[in-house]
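A quick write-up on the structure given underneath.
Order of writing sets the labels: A, B, C and D. Residues in every chain begin at 1.
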């Protein structure tokens, strides 16, 4: 089992003929992903590997059935591409690009909610169901990181994901699904919205969240735990604990504003809700072990 | 029984302090309507009769519960007033004014559907549940027209309603509910959308629709009947049968364009679906009698 | 409010939609100069609001100056109520399309209709080959989206090289639709030139009368109407149509007026004019009578059944109008609704017989007009 | 991109939001003329981007010219990195409000926050009296609706006579938010004058960097940065922050960089600068090194764990930079991810020891910087 994506999920790639799009499409297929079609306006008739390319999503879907779409488009076209996918009735979308304008992101979040679609991203490496399929770019060949197992992972940061997941693997675990919700100030799906999927996934024993300063997503996770909506063990690592107030720390979403978003607050909320908070990545493995042990008693 | 509105329905009046608004509010109360509050920005604290006035719908609803809103506002403010009602969660709205800009009406229709609300109008006298309550302006004191009974009436035309309903009463019947959907090219609720309410209303034995040239609403009624969604006897009178093509006949909605909207087409569709079509108002009563008689056999 | 072709093309130009070179002339003496500006071959086009100008011989092609003169005379002789002629360059056409934007009342969206069968009567295509019309629905809050334009253009079979220009055209046309509160914008034919440009061969724009207050740049002028009386009625806000029959209708309420219209026709009589003085106009009986009296009619038929439009106010207005204007035709009334007792009193006081039944009134009017009651 | 008060007020003025009379001066010699224009009493305001200017003594009130001079000297002496001073008329204030518009990431709406407790620190109010902040959510596709403005203003306790002006102000401010792709627009205080006008006492606007391509009128200039090196980094598109500690960070990936930042602080050492050269910048090692070398640092710490940002490319870049720029500080590396074997080879070939563990690298760097490892 895995959440959102598995080896049967029929994946469409919007922006498939671009350099990154075509490169990673081949890797996704190599990993086992069922990529059924691609879209680039003006490029209908071409193929990427054996994947047929169409002018528009509608035209692709007249030929193949599609369950999910992956957007390999530049940030300024992300809103239009998402609306195209939603209009075509696609209910799962992953958006990778970094740099989506804030006002576009707000409208995208609105549109996704209205359509009842799960839209992951932007500013993410994507999602991967270990050993089965991926939508995005993950160095799955690094087997000290990308190892199947029973730990669900959610992350706001691509670079930190490799670092933390390596610790999970080092402790003898592997991952069920890894969901990169992205580092933008307006993630189109939030931690607390993915959590129920992990809760009901029998292949997930515990969840690791990789958070950081800024926003209120970690607090929402704590809220969900307090309400009993998530009852499996949860380990969190949060970057930017010592970051100064008011500075954007790399990610646009990683900023403390209006007194909100300090890692202290997040740690307090999560600990108060029964989560285990790692002070540094190397503690994640040990915490997972003891969390799972306690949970079994 | 009656549809949409009864004597318990808590009615809000937006634009209550205007000349028409205050005049007809008193008549509505006189008729039995449960008018609980009114809204006019800047007029909070006043009363119309005993009805308290508030600045905004939100403020009114902080004091009283509301089931339905009646808009007595000029056409250029109709869109804003409707959005205010919908935002406040009101699911039944009647809009009386004539002259709503077409593009506003389109957006209002979209907004109403999105909110899952039944919005009746514009360009209508409103709705009346005979002997119980009314939202709008009806000369209920004319008892040769406004008589309770078991015939549901839907109409695109105010003036013709009195004429046709008088014929229904003359034939020994009365009305259960009378729904004026209005004469605009974009009625916010369409005949076929009201029909299911009459179908499931035990107090309605048959329905009379008062249609006219233009649009496709009568054809949609025929369609619904063919699909078995409406099975009670239906009598229709349609004005403008001899109207020349391409001329607006009074109502903005009453125009034959793009080859659509001729009364001939409507008559053919309705007759084909088993409805009884009266050639003139004076035939409606007799047709109702024979339709009900046939239906009982 | 319907705009003339020349007005539509000005709006198109202002929204970066290409239109042919053209000049507007008022009389034949300006033709030479016009042709000097647009060149030959050219097209002579009557600026009138009626549809089917091509079939009616109101659009004529000319190879050179002499032919143009001849054709201009032809158009002038055929056109009624024409204020301007357009002299337009002839375009080197590769293909013609149809495109329009109207309102879809069911979805609450704007509806773009397009067809690769351009230049011909779209209503004909809608009836005979509906599958050749491509429809795209645009939510006004969202606006036209790029993929909608792409899907439409690819489905029309537009060549890849023209997709980008076509997309821009659609956005520009949608912009014209929204910015002007249009009921209709239409380009038929939309010409694809041999040189690879989309050019609007014709232009129809109809502005929503209810939204004219947001667009003070548009005003109804005499040119928009077939007669002075129709113009006068429009300025007054009174719905008024002119026909050439016997019975003048002065009724309150659009639906009721249409019904009386049908009854008159059903009984094989005919309508002289259609005046609807219900709603906000119910106190305008005198003004209405002034308009009516400009028509030729044998009998005036007044039918009302009002609520807000009070019967007594309308009856008094009618009596006042008769006193002031002294019409020389007989008047039949069926004035009912709020205040009807008082109304009937007023009418009787002035020697008019107040009828209570619409059909009876229609029959009486036809009888007075000398028509036969054949159903 | 944060705008200065004077820029925000220009934008406000262009959107019909009233602002006080004001003049911008660059030096004290222009003060006389400025005061002649705005009158006395007046306010002297440092045009710097830092918050809390009032508390920092960077905004000063003056009754007359002499006092204004004295206050101007005071402000100049206190301000760092200041390019302009604003001389502004003093407003006759009846009441002060707070108003701002930002993004609400949960609803996907714009969020208007308003409070009748204007002129003070809104973060303080948010913490201590959250009930005094009124929030209104605006769907961007719908825009601000009149009833939303009315509800907000009535709830603020605005007098009936000011509702209409207040509504217009909200619409104008919302317009500024949308038209400029703003992250934040804020007026604090929004002054209600004794004469009955709303006037923007201050103005904060922050433009979304990701949307700057839609707004070529805004460009980052040297004035927006505390130092030359921060300006240079911004022009290059490299996230860069300056601190005054010992260890320079040159890491790939924002999350990873923040983690290294925490580890350095946890081990009681300190960060000299924060440079993030992941994502599109991973091949810019030489440029990154040039920026880094403008800081004072004892050790450079390079940590990466990349996917698209290939380890070998970054390692080679680092080696190239060292060859070209010959930095005089020791360098500790933990370069991992795609291409890491080749990366380690490259580093070893240049005499650098490639570490594989982040924490180990941090400890090593601190040791080289001469710091103690106290956790």
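Odds and ends about this structure:
To be clear about the criterion, a residue touches a chain if its C-beta (ideal position, glycine included) is under 8 Å from a C-beta of that chain, and two chains touch if they have at least 3 such contacts.
From a predicted model like this one, the values you see are computed outputs, not experimental measurements.
Distance between chain centres (mean CA atoms), subunit C to subunit D: 58 Å. Averaging Cα coordinates per chain places subunit B and subunit C 28 Å apart.
For subunit D, the set of residues that touch two or more other chains comprises 141-142.
In subunit A, no position touches at least two other chains. Shown here, the protein chains touch in an arrangement that is not a line, ring, star or fully connected set.
Of all possible chain pairs, the ones that touch are A-C, A-D, B-C, B-D, C-D. Interface residues of subunit A facing subunit D in the complex, by the touch rule stated above, are 20, 75-76, 98-110, 112-113, 125, 137-139, 142, 155-163, 166, 183, 185-187, 190, 210, 212-213, 215-216, 239-243, 246-252, 254, 258-259, 279-282.
Note for the complex: subunit B touches subunit D at residues 41-42, 44, 55-59, 80-81, 83-84, 87.
For subunit D in complex with subunit B, the touching residues are 142, 145-148, 150-151, 154, 160, 163. Subunit D makes touch with subunit C in their complex at residues 141-142. If you check the complex, the residues on subunit D that touch subunit A are 51, 102-110, 122-123, 126-127, 139-141, 178, 181, 183, 208-211, 213-214, 239, 241, 251-259, 261-263, 265-266, 274, 276, 278-280, 304-309, 336-338, 358-359.
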